[in-house]
Structure formats: C-alpha cells, structure tokens
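Take this structure, written in structure tokens, and hold onto it; I'll ask about it next.
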Amino acid sequence: MARVDGLNPYHGRIRPRRRLAEFITARAHVVTMRGFYIGRFQPYHDGHHRMVADIVDEVDELVLGIGSAGHSHTTRNPFTAGERVMMVTKSVAEFDLTTYVVPIEDLDRNSVWVSHVRSMSPSFDVAYSNNPLVIQLFEEAGVEVRQSPMFNRDVLEGTELRERMIEGGEWQHLVPDAVVTVIDEIGGIERIQRVSDTDSNGP
Amino acid sequence: MARVDGLNPYHGRIRPRRRLAEFITARAHVVTMRGFYIGRFQPYHDGHHRMVADIVDEVDELVLGIGSAGHSHTTRNPFTAGERVMMVTKSVAEFDLTTYVVPIEDLDRNSVWVSHVRSMSPSFDVAYSNNPLVIQLFEEAGVEVRQSPMFNRDVLEGTELRERMIEGGEWQHLVPDAVVTVIDEIGGIERIQRVSDTDSNGP
Amino acid sequence: MARVDGLNPYHGRIRPRRRLAEFITARAHVVTMRGFYIGRFQPYHDGHHRMVADIVDEVDELVLGIGSAGHSHTTRNPFTAGERVMMVTKSVAEFDLTTYVVPIEDLDRNSVWVSHVRSMSPSFDVAYSNNPLVIQLFEEAGVEVRQSPMFNRDVLEGTELRERMIEGGEWQHLVPDAVVTVIDEIGGIERIQRVSDTDSNGP
Amino acid sequence: MARVDGLNPYHGRIRPRRRLAEFITARAHVVTMRGFYIGRFQPYHDGHHRMVADIVDEVDELVLGIGSAGHSHTTRNPFTAGERVMMVTKSVAEFDLTTYVVPIEDLDRNSVWVSHVRSMSPSFDVAYSNNPLVIQLFEEAGVEVRQSPMFNRDVLEGTELRERMIEGGEWQHLVPDAVVTVIDEIGGIERIQRVSDTDSNGP
Amino acid sequence: MARVDGLNPYHGRIRPRRRLAEFITARAHVVTMRGFYIGRFQPYHDGHHRMVADIVDEVDELVLGIGSAGHSHTTRNPFTAGERVMMVTKSVAEFDLTTYVVPIEDLDRNSVWVSHVRSMSPSFDVAYSNNPLVIQLFEEAGVEVRQSPMFNRDVLEGTELRERMIEGGEWQHLVPDAVVTVIDEIGGIERIQRVSDTDSNGP
Amino acid sequence: MARVDGLNPYHGRIRPRRRLAEFITARAHVVTMRGFYIGRFQPYHDGHHRMVADIVDEVDELVLGIGSAGHSHTTRNPFTAGERVMMVTKSVAEFDLTTYVVPIEDLDRNSVWVSHVRSMSPSFDVAYSNNPLVIQLFEEAGVEVRQSPMFNRDVLEGTELRERMIEGGEWQHLVPDAVVTVIDEIGGIERIQRVSDTDSNGP
C-alpha cells in the first residue's frame, strides 16, 4: 500500500514521467482545444477509429460520448454502456492525447439534449458529428460542429457489423483488437444472436 | 491529418510506447484485477485521493463512478458530472494504472442500483466503499466490498469543504491541484455561494 | 413603472374596457361553458383553425392543449411546445373568447392520461376530438366528447403539411399568417428538412 | 365486524381448514420451490393456461408477473394491469397451489430488468419463459430458466386473439371463462376496436 | 406433468372443490362488493391485520395495494415490494375471501394517483384509508372512502416497529407469524440496521 | 356555428378590431420585447401581481411560467397547474399586453432547466426572478436576468398565505379577486387543510 505523507504521498506506482506531464498540462492550459465526439458505438469499429484518428490532429483533448447509454441487449443496442466504455477506452489508448469516455443516457427530449450532454462532459470547443439531428441541435445551441467527408459511413458500418454478428459472419477484422477481446469476454455474439430472435417489445 | 493505410494507420501522434502497452495488456489480461470506487465527488478531495492511493496497490485497473451524475447547482451537489469527470480524471492521472471515470445517474431505486452501476461500468471484481447502504446493496448482490479504516471520512470532508466554499474560507489545500483549476475555471465558488442562498425547492 | 395604490394600482397600461370585461366575467360566471381541444399542432394549420371556429360558437372559453409538448426536432414533431404556444396564441387571438393555451407533456400511460390532462388544464365541460383513442379515454372517464364531421382531416393535413415543408413545396397558404411568421423566425423549414434526413433513433 | 381479542381475533369468516394450512406451510417451508412466469397476458388465454398447468407439477408456489403493467388502451396492450390481475387470478384459482399475481411496470432498461422483476416478486428458484430476451437476461443474472416445447406459441396466440377481437370474430373459446367475464364487464371489445382505429402515436 | 386434453386438462392437482368455487363465483357475480386498502406495509403488522379483519366483514373481495413499491433498503422503506407481497399474501390467507395483492409504484403526481391506482387494481367499490391525502384524492375522484376509528394507528405502529428493529428490540409479537418468517429469511433486521446507519442521500 | 368560406371564414364572433390588431402585430414585430417570469404561484398573490405590474412597463409581451406544474395536493403545492393557469390568466387579463401562461413540469435536473424552460415557452429576451438559483442558471446560459428590489417577498408571502389558509385565517385580501373565485370553486381551502394534516410522504 502506498504510504501517505507530505512530501511524496503516492510513491511506488507513480508515473516516472509525471513532471513532463505536469509541464505539458501547464503549457496546454493556455491553448487546450477540446473536442467532443458522440456515437452509440454498438460496437466501436474501424469507422469510428478512423474518425478519431482524424480528430486527434485537430484537438488537444477528446471527449468520447457513449450515446443511448441506458440501452443494451437489443439488436440495435447489444452492448451495455460499461462494455462500450471498455471497448472505446482500450481502443483509443493508442492515441497520444487525453481522452474522456463518458456514458450519456437518453433523456428523450431533443430540446434539452445539448444541455444534458454538456452537463455530463468536460466542456468542449467543437463537436464532431455526421448526424443531421445532432448537427442541428448543436448549431441551434451555438456550438461549432465539424463534419467528416465520409457522411454516415459510421452508421452504415454499425448496422452491417451487427448483421454479420447475428448471421455468424466475419466481423473481427472490422473493429480494433480491444473490441474483439471485450465482445469475446462477455459472450457478445451469443447475446446479439439470441436477442435478435426475440419478439420486438422487450421482456 | 493522420493518413490511414494498412501498415501504419495512425502515425504521427501515435504513442511510441505502443508495443509495450500491448505487451502489458496481453499479459495483464490473464490476471487483471479491476476495482470500482463510487462517490459523488462534490468535489473530489484529498480524502478521496488517499483512498484511491490505497486502492491502487490492490488492483490493476480502477473504475471511478461519479454518483448522482444528474445533480448539480445545489449546495450538496454543486458541480455537474462533466466537471467532476474532469476533476477526477486530471487528479488520478498521476497514478500509473488504467482508470475509467464514468458518470452514473441516479435511478432512485435501491433494488436495481447494483445492476445499474454494473451496466454503466466495465466489469469489476471488487467494490470499495464506506457507505453502509452501498455495502449492503453490493453484498446482497454477491459483490465483494472492501472498506477503508477511515470510516466516513470522505463524506465528512465533502461537507466541510462545501461549507468552507460557501463561507469564503480556505479550501484549496484540501483538494488536488487539478480540482482547484477546474473550480476556478467554471466559477464554482460563486455558483455554490449563490445556490446556497436559495429557497430549497429548486428553480 | 406602474404605481401601486389602493384605488387604481395598475393605471397607465390598463385596458380601457376593463369594466366591461369584469361585467362579462361576472355574468358569465353563472353560465360559463368551457371546452377543451387537444392536438399536437405540428404546426397549427387551417384545419385546426376551422375546428376552433366551429367550437367557438358552442363554448364561452376554450382550452387548447398542446400535446406531446416534450417532443421537438423530429420529422413528426418538428416544433417545440413554446413555438406551438406562440403559433396557437397568435392565431386564435382573432376569436372573441377567452382562450388558454397549455403545453401537455406525454406521460406514456393511457390509463392516467385524462387525469394528467385535467391537472394541466382549467376545468372543462366538454372535450373536442376526432381521435378514437382520445375519445375512448375521455368517455371511460365520463367526459363528454364532441366530434367534428371532418374525421381525421386535421391529422391528414398535418402530415401533408410537413411533407411539403420537407420537400420545399408551398405550405404557407395552409396555415394562419401568425404560423408563417413563427416558422420563419425560428428557421423552421431548415430544421425540419435537416432532421428528416436523420437516422431515425435520435441523437 | 370481526371481534379482536387475544385468543381468537378473526373468528367468523376464518377458514376452517386453517390448522391444516399452517401445517402444510410449516412443512413446505423446508422444501418450497417457487417458480416465476412472466407474460403480458393481453389477454390471458388458453396457451398461457396450458403453460401454467405444466408448471404446476414442478413447483410449490407460482408467481405470475404481468409485464408492461403501465400499458393499456393500445392494440397490442388493450387491458390495464388491474384488469389482467383479475383475469389471471380468477383463472389460476382452479389450480391447487399458492399463486402471486404481480403487475410489473416497464423500466425500459434491459440491464436492470432482472433486478426490477426480483424486487417486485417474492423470491423464486426458477423462471419459465419462451422469450429469448427474457431467457438471455435471466441467464446472464444466473437465474435458471426453463422453456416449454411449444416455442412462442403463447405470443402467436395473443396476436391472433387480438385480431379476432378487432375484427369481430370468435375468441371466447380460446380463453378461460373468467377472462370472458372480465372482458365483457369492462367493455373490452369495444375498447380494442376503437383504439385499433387510432393514429398510432397516442392521445 | 399434467396431461392436456379436451375433457380434463388439469387433473392431478386440480382442486376438488372446483365446482363449488364456480358456483360461488357465478352467484357472487351479481353482488360482488370489492374493497381496496392501500398501505406501504413496511412491514405488514397487527394494526394492518386488524383493519383487514374489519374490512372482511364488509366486502366480498379485497385488493391490498402495496404503496411505494419501488422503494426499498431505506429506514422508512426497508423491504422490497416482492417481500411485502409475500408478507401480505401469507398473512391474509387466513381470511376466507378472495384477495389480490398488487404492488403500486409511485408516480410522484398526486393529481393522477387515483387513475394510476385504478389501472393497477381490479375495479373496486370502496376504498379504505386513514390517510388524509389518500382520502382527499379519492373523494375528489368520486370514490367512496371509509375510515376506521383508530386514526393513524397503522402509521404510528409502522414507525415504532422499524425503530424497534433498528435498536434490536422486540418486534416479533407485533406482526403476523408469516411476517416474522419473511423478515428472517431475507435478513431483514441486519438490512434495516445497516441502512439506518447511512448518509441519507442514497448510494 | 361559424360558416366557413373563402372570403370571411370566421364571421360572427370575430373581433371587430382585427385589422388594428394585425397592424399592431406587424409594427410590433420590429420591436417586440418579451419577458419571462416564473413562479410556482401557489397561489398567485398580490406580491406576484405587483411584480407583473412592474414588468409590464418594460416589455411588450410577457410569458408567465407556472413552475412545478406536476405538483399538487401538498401543503407546499396545493393547487394543480390547471388551477394556477386559471388564477394567473384571469388575474393578468387586466393588463393591456399579450400574455402567455405556460405550465412547466419539473425535470429535477438543474443543468438542463433553462433549455427545458425555453422549449416550453415562446422565446424571450429577459427573465425576471428573485430566486438565486434561477438567476444563476439563466446567467450561466447567457440569459439576461432582472431582479426586483423586493427580494424574496414573493416567496415569503406564498408561505404566509398557505399558513393562513391552513389555520382558517384571512387570506382573501392578499390575492386578486380571480384567485379567490378559483380557490372557492375547487374547494381549495378544505383541500389544503386536509393534506396539511397528512403523513408527509404522499399517498
């Protein structure tokens, strides 16, 4: 157990590059540019990952909002928010920037959605989205939105992926390795196959 | 912008120590021990930080759950979930372990609280708490709970801290530096002073 | 600022015809017949206006309930409750009777819907509706319902109107002038066109 | 009114076979096996009744959970929870075992559904269901689930029954007598016919 | 397992007195008087039991509504709805009348409370309550309410009982035997003692 | 019933001054200044009325938001939203400006409260409030707030009024005449007296 004292309270497992990190933080504080990227990430896949790779060059920190966080165990939303937090966190770890991965539950009220997102996320300067409704809501609230050239590619790929999972096809090469690991551990393929076979109106 | 190709899709800002990280992940996979620590963190203070420092020696990964995530702008819950995400993330960055910081909204139903927490969090092996209700709920659900010797210290310190903020006293030395920065940036002291002066029943 | 005293506290902007109004109110108190007409009013259009014109001859006062008040920014419910309050209030101002325009949020429980409506509305003697579910719910609760000969015309016209807006067609001649003004001011056409282009499951 | 005193507080209407019941309870306490069977029971029909007849041979007590308890007055969910409580209670009265009939409202969160059900029901040892989602959720929670050979028969029969009601066909021979009585008393056929004729988005 | 055929589908465990039951049901149909009695039953105690004993002489069937069904694991509401369903069902089994025990979740809206209760309960002719708010709400809705001479006794006894449990006093002689059994089985005393020791604002 | 034709569809009860109204609307459109004033109005009293009288000189149109619209039948919130809509509408009718009276249900989330209010109200330029929390929330959202010199007078008077009602004291001279009428018609004094006598935790 770490000893706690005045001089060096958290020795032992403390990161050796801490001083550097502090220096960077201090400097970045003046100019920190924080982006916000929201998706359902059911699951997080290479399309999302490419979008993050693009965003990384434009921001200093990135918030990844996991939408529809309360939904799981359906064909369209097979994975829990926590499972998606793990997929996303493990996958974006390879990028060298500070990331925040925050589940965001639906409020089912478009008119307060931007305020809700803002209350759950560290403050951000720019939002990234290809979803027309998300763009509209952010713009009505005065938030800058940036789109990617690959319009709706992420949405299409998610649907395609889930269909492959349901039908027993190949999907592993379309997602980061960390996502394969998470889905294997939780028995995700069996889950989506089973729930896709259900009368549509819940338990 | 990062180029995307088969061999090295995310060059540029990619972390040089990626191979090492992958090695560690692969190895840790066998033995990963993940802990869960929940609090309201209004704000995150040195009492919480000491508890995290203790936990760090017992687990490989740590989930920090931010409770009552939907509450803000009250005397008892002055800060939004997003503000608390930033406080916690910046503060625990100094520890050398993987952390997940997840806001958790209240469902106001004790009987489903554990399931709710589990759905929002990466799966965990042990929960850390000094709150008797939390302990009771986790234990009824068969989750191992570990307590700290400093019973209820974290709760008491939160109340004390907020009172100091309201009365214009010194509080900065009782929280990590990152928390001071966040509270300053959002005008947190003015906020808590003002809302503490309000008729208690909301807007 | 208006002076406040015992005799004439609100002079200045007070309506000159106040005495008459008081006389009418006093007399009407004996016989006031109040009607209730609910719709989503997305937007309020000439079909609704004709129905109101009919109702006006049967009642002394009219409550206009704006249903699904929490919904907005979708193809089916493009406008907020507040925007619809303004559309309706401005449009019915031409009729010479007291009107109340009240947003009514969905509770998503048919069995308590009548009680919910009654709690949000001044008490009423008769409800006007062409919607079979609304009629059924009111009748089970013992409320008199009156239907109009033009069955479901209002519903059909709403759908038609929104399609014209989405496709860039003519719609202005199908709504009262006040509605055109409101929709122009809020950029309503751009909004509905954008959200109609969205993946259907919200942000 | 029953007199209340120390020796025999509830004489008069007290069951003569009470001693026996107590004896059975005392003995059964050692070995009580309690089953849980959930359905929407819109309405309770012979398919459900056959399933209960099967379950009866395997358990000592049976909980019947009435799902989607908050829904009523729609084509898919025409009857209130209370109406369904009466249908089920009267119908299962012929079986000689202790039954509990509990309405269970939707929480619209699959991840906490099992906890929610457990909080509303006496504890149970085994769940009976043919619904793949229900099976998946119970199994992830470690609850034993037993299926019946007649897969999805109950679901199909419910839809068929409601269509017959809407179209004015014969349905009385497909449900227990008590269900006919309840539906007649509440004017259930007129209700489902009317709501089936409604614009789909509620009042 | 029971054989299913046209003539005698549920032989084996079918009640021998079924014909009689049917006769009684048929006759009672003409004159059935159904009462409704709501309480939180935290826990169900002798005060409630005496009230039920009184009601039994006035009605043919009785619905027992378990209020605040979603609450549990607090000092004021220690037991889940399901635990209370079992307490009540086992306790009232000794009375010779048909009972329905239905959990009723709070909607936190007094204005729709009566409609909500009615939707969850078989229809009833008279409500029994000593709670002034409940009386007011039922009377505004036109439902007959009958009070008992022992005003508020049931409320006071509940508080007293829970205090005894928390402080380790004697409580078993104040509740029906079935309630002692349930509380023992679920570890209810340890639960209430622990949660009573908790910071008041939930987990 | 009004005849409907191309030329003059709403003759009969149409206001003779319609042309003037249109002229005023058109002109005012350039300069319309709209204010927003929110309160619980339990009940609307002379303190509120004086505040409205002040606001009237500063704005062209006024929105009166009825807060905590879902609450009723408690000591603190005795009247339904609909009853308060009637009190306010009748009382402010004497001022010569366009008013909107909109019930606003609580969302119990301070962070989205301003967005929620805005979605339920016609857009406004300035908010009027003496409540520190309301002021804080509007200011964080960039909305101008104006306070009145009589700090918290409205709140204090509401509490005082309700206490007088409960204790059978004089209250009629502290509210506009229309409020007396509404409270008399609904049996409001009996209601508040009865609910004030209730165990505090709802039905």
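Couple of notes before you dig in:
By letter and in written order, the chains are A, B, C, D, E and F; residue numbering begins at 1 in each of them.
Definition applied: contacts are C-beta pairs under 8 Å (C-beta built on N, C-alpha and C of every residue); 3 or more make two chains touch, one makes a residue touch a chain.
Just so it is clear, the structure is predicted and the values come from calculations on it, not from any experiment.
Two chain pairs, C-E and A-C, are weighed by contacting C-beta pairs, with A-C ahead. Ranking all chains by how far their C-alpha centres lie from the centre of subunit D, first place goes to F.
Averaging Cα coordinates per chain places subunit C and subunit F 18 Å apart. One inter-chain figure worth recording: subunit C and subunit D are separated by 41 Å, centre to centre, where each centre is the mean of the chain's CA atoms. Once the centre of each chain is set as its mean CA position, subunit B and subunit C turn out to be 46 Å apart.
Shown for subunit B are the residues that touch two or more other chains, namely 70, 72, 80, 109, 111, 118-119. Arrangement of the chains shown, judged by which pairs touch: an irregular graph that fits none of the line, ring, star or complete shapes. Against subunit F, the residues of subunit B that register as touching in their complex are 70-74, 80, 191, 194-195, 197-199, 201-203.
Contact residues on subunit A toward subunit B in their complex (touch as defined above): 1-2, 4, 9-10, 12-15, 18, 21, 25, 29, 50, 53-54, 56-57, 69-70, 72, 80-83, 85-86, 89-90, 93-98, 100-103, 105, 118-123, 178, 181, 186. By the touch criterion given at the top, residues 38, 67-68, 76, 106, 108-111, 113, 131-137, 140, 152, 155 of subunit D touch subunit A in their complex. Subunit F makes touch with subunit A in their complex at residues 107, 109, 111-112, 114-116, 118-119.
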